[in-house]
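One chain, chain A, appears in both complexes that follow, with chain B as partner in the first and chain C in the second.
What follows is the complex of A and B.
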């Protein structure tokens, strides 16, 4: 784990050195992040022009949800998506051979070696928005809720990583799966709203199939005190299971890959 | 060979009927090629469809929750009329949407556009045919999906007045022309800058609000609603939807259709102007 973090830090450093040469990209990405946030907040403004609460959520809690949504989306775009896209590309071209020859654990290596630095603007903007929303909720925030939020966010992040890894690992068998990732992006958009407003089948899909809700709605519910301890424990268990399963799938995928490239 | 020969004669010598027929042939050939190409990536076509379906379902869920929180109705809409609005919007949006703005960046940067410019046929025809091919293929999945969603959400359609039904088809065609021309023109921005993603995001955000996707336009707060009224975006989606769910008065429907036609003509004119400037610029870079 320490080794993985050390590797990740090294790759981020390299990426920062590379990216500072393209500062106009920072401007473009910032525009995009602001537009994304504006769209989300504008949507809230339209909705709350007609109602005081949405499925029991007051405006300040929904603003917090948008903040978490933006933060988590930024974190995925920063660390998970670029690494997984490169993985799929290398499975297709065969360049993965060179990665597998390196001494570090292959799953760790493919997961940390590509980052998209400027997506951190989304993380920063989302965090700022979350902070502003929390200032409104202020008085009711105890250390217990902060701890629950952190745990829920970590569990949600772990599940999202495991799902991405599993989807990308499918490339070992089906080669061209880049479109599979579009499924995640499409469904992630639905995480901008409380998952409880959706009809049962969609709620189920967003909770269990592509568990977007675990990374967005659930952490915010932990902050506002709406989350039951049982749900939090369940989220932690699901996260651990997802990590183990994706690891097993990765191993199986590697075995399939060696067969193909031989 | 045939194309080249015709070009050598010069466009002026081709009689109008012949030009129309050869354009028809171009469309037939491009359409068939696109269908064949897209059939290879059937799963990708379905995955795209997921976005088409999910967007309206999300906003339908949001507005149903708002209606539930305000005692059943919001601005004259209840869950079932919202369902009618958003299911219709899903179909109209499928008819008019394009992905051209995302395609152009790669086209210009990687240079794959060069052979398309060299052809004697305007490259937009290939794009239109490609767009129509995707829609023809996905219709077979979209219609059953819409039917299943109708069972789940139980939309309340009003009876469609005959005039609105009559106007619906031309308004869909005009919406397609308008949106295609606007988005193709904006896509040409890729000739001037390789970083078009910010522009694309901005356009998509504006379109979301002002074309009636975030909310039916009457539900928008005032400054936005006034903006939606004077800008062309509502004619890309909201106007055909409002015809189909049977809301406007006959006079308003005819007036709307005329305004839509004017916007479509203006958009095509803008496309021709910007296209000429873009090609000149491309030639300058390509040397």
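What follows is the complex of A and C.
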């Protein structure tokens, strides 16, 4: 883990170094983040013009959910998505060979070596919105809730990472899987709303199959005190299982790769 | 085996290939939409022997050239030795490791350079790629600076390192690729067409750098190349692979004698009009000089007859030039008939 963080820091350093040369990207990304956030909040305004609560969620809690959604989305765009896209591209071109010959864990290496620095604006904006929503809620944030939130967010992040890795790993067998990733993005969009508004089957899918809810609804519930300990424990177990399964799939993918590449 | 005889006796081999074999499953279908649809349901898969029972050893500090036409199995062999492919049968051993296990302590000591693919990232300067390499290989800063200074002195990298790689010429990029591959001071270098597409000057530069690197560090180098000049400049020993099988393993100068069934007789007749066709196949006719191709075994007798029957200024018996040998091997399907018998 420490090794992974050390490598991640090195790759982020080089990426920052590269990106400062393209400041126009920062402006474009900021505009895009603000517009995205504005649309989400506008949607909320429309909903709450007609009702006082949505599936039991009052407006401020939903704003907090939008904040977490934005943060997690930004984190995915910052670190996970670029790395996985590069992985799929390198499987297709064969450039993955060079990565496999480096003396570090290959899964760690492919997971940390590409970042999109400016997506951090989403993380910053989301965090600001979350802070504002919590202030309006007047929520009493004891250390217990903050710890539960951190744990829930970590579990959600781990699950999202595992799902992305698993989808990208499919490239070892199918070579072109760009479309699979679009499916994930579409489903992730569903995390913008509380998972409880969806019909049962979809709720189940969003919690366990492509566990978007774990990364958005569950952390917000941890902050507002609505989260039951059992759900949190379940989230941790699901996260651990997802990490293990994605690791196994990665190993199998590597075997298939060295079995097929010319 | 020739390899055992030709390799320097004494030190343990750095690279061992023993009955190395690699099969590929190739799915086949005919062209056309109907065939494409059929192949969705049922694929016909054929096993191809890319490398077939190849055995050789390479000693420390040796530079060995792999020769063979496209698809002969050279790259597959290198990939098995580097650890990218698992051998289907047989055994590979490099520096005492089974390469396919890809242990960090093994990977730290080897490197792979290919002329077809880039390990540098296009959008960032080579210096940044080097920095990432340093982080991954955990090279201490002081050692890194020394290595980089050495590489800079030999390859003249200075002005190139700060430019994004996509703005470099092919020759400049290749210099950076080679430098990146050597930053961790590997003991074994696998070079797959390292001079592919380079102009003559850049080729010569890379070549002399590799020779120099080998002398200075004692690194072992396995190299494939389409350019005979690469092989002639760098390798005393060559391994010829054809259809996945080892055809020849020995000194470069012995290659012609083993693989080609003929010799070349160069005659300088006193009478420029002299007809030498009865003595052999005339392959070249220059002013004052005629080149004949004759069966290897008959060469001394033919030369004696020419000396006795034709007025000549000079006669010499030569091995065919190495290019001819390679051309003959490379024109697939026209491999020497007696190939199997050529392995001593």
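Definition applied: the second predicted complex is superposed on the first by the 260 of 262 C-alpha atoms of A that agree within 3 Å, B and C clash if a C-alpha of one lies under 4 Å from a C-alpha of the other, contacts with A are read in each partner's own complex, and residues count from 1 in each chain.
Here is the rule we go by: contacts are C-beta pairs under 8 Å (C-beta built on N, C-alpha and C of every residue); 3 or more make two chains touch, one makes a residue touch a chain.
Quantities reported herein were computed from a predicted structural model and do not represent experimental measurements.
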Three-chain arrangement built on chain A, chain B and chain C clash or fit: fit
First, second, both or neither for A:101, with chain B first and chain C second: second
First (chain B), second (chain C), both or neither touched by A:113: second
Partner chain(s) touched by A:14 [first = chain B, second = chain C, both, neither]: second
Partner chain in contact with A:50 - chain B first, chain C second, else both or neither: first
Contacts of A:143 with chain B and chain C, given as first, second, both or neither: neither
First (chain B), second (chain C), both or neither touched by A:229: neither
More chain A residues in contact - chain B or chain C: B
Minimum C-alpha separation between chain B and chain C after superposing on chain A, in Å: 10
Chain A residues within the chain C interface of the complex: 6-7, 10-11, 14, 17-18, 93-95, 97-98, 100-104, 109, 113, 258-262
In the complex with chain A, residue positions of chain B that touch it: 41, 43-44, 47-48, 50-51, 54-55, 57-58, 61-66, 68-70, 74-75, 152-153, 195, 197-198, 201-202, 205, 208-209, 214-215, 219-221, 224
Complex interface listing, chain A residues touching chain B: 24-25, 27-29, 31-32, 35-36, 38-39, 42-43, 45-47, 49-55, 179-180, 182-183, 186-187, 189-190, 193, 197-199, 201-202
In the complex with chain A, residue positions of chain C that touch it: 24, 50, 75-76, 79, 82-86, 100, 102, 104-105, 107-108, 110-112, 114, 117-119, 123-124, 128, 131-132, 135-137
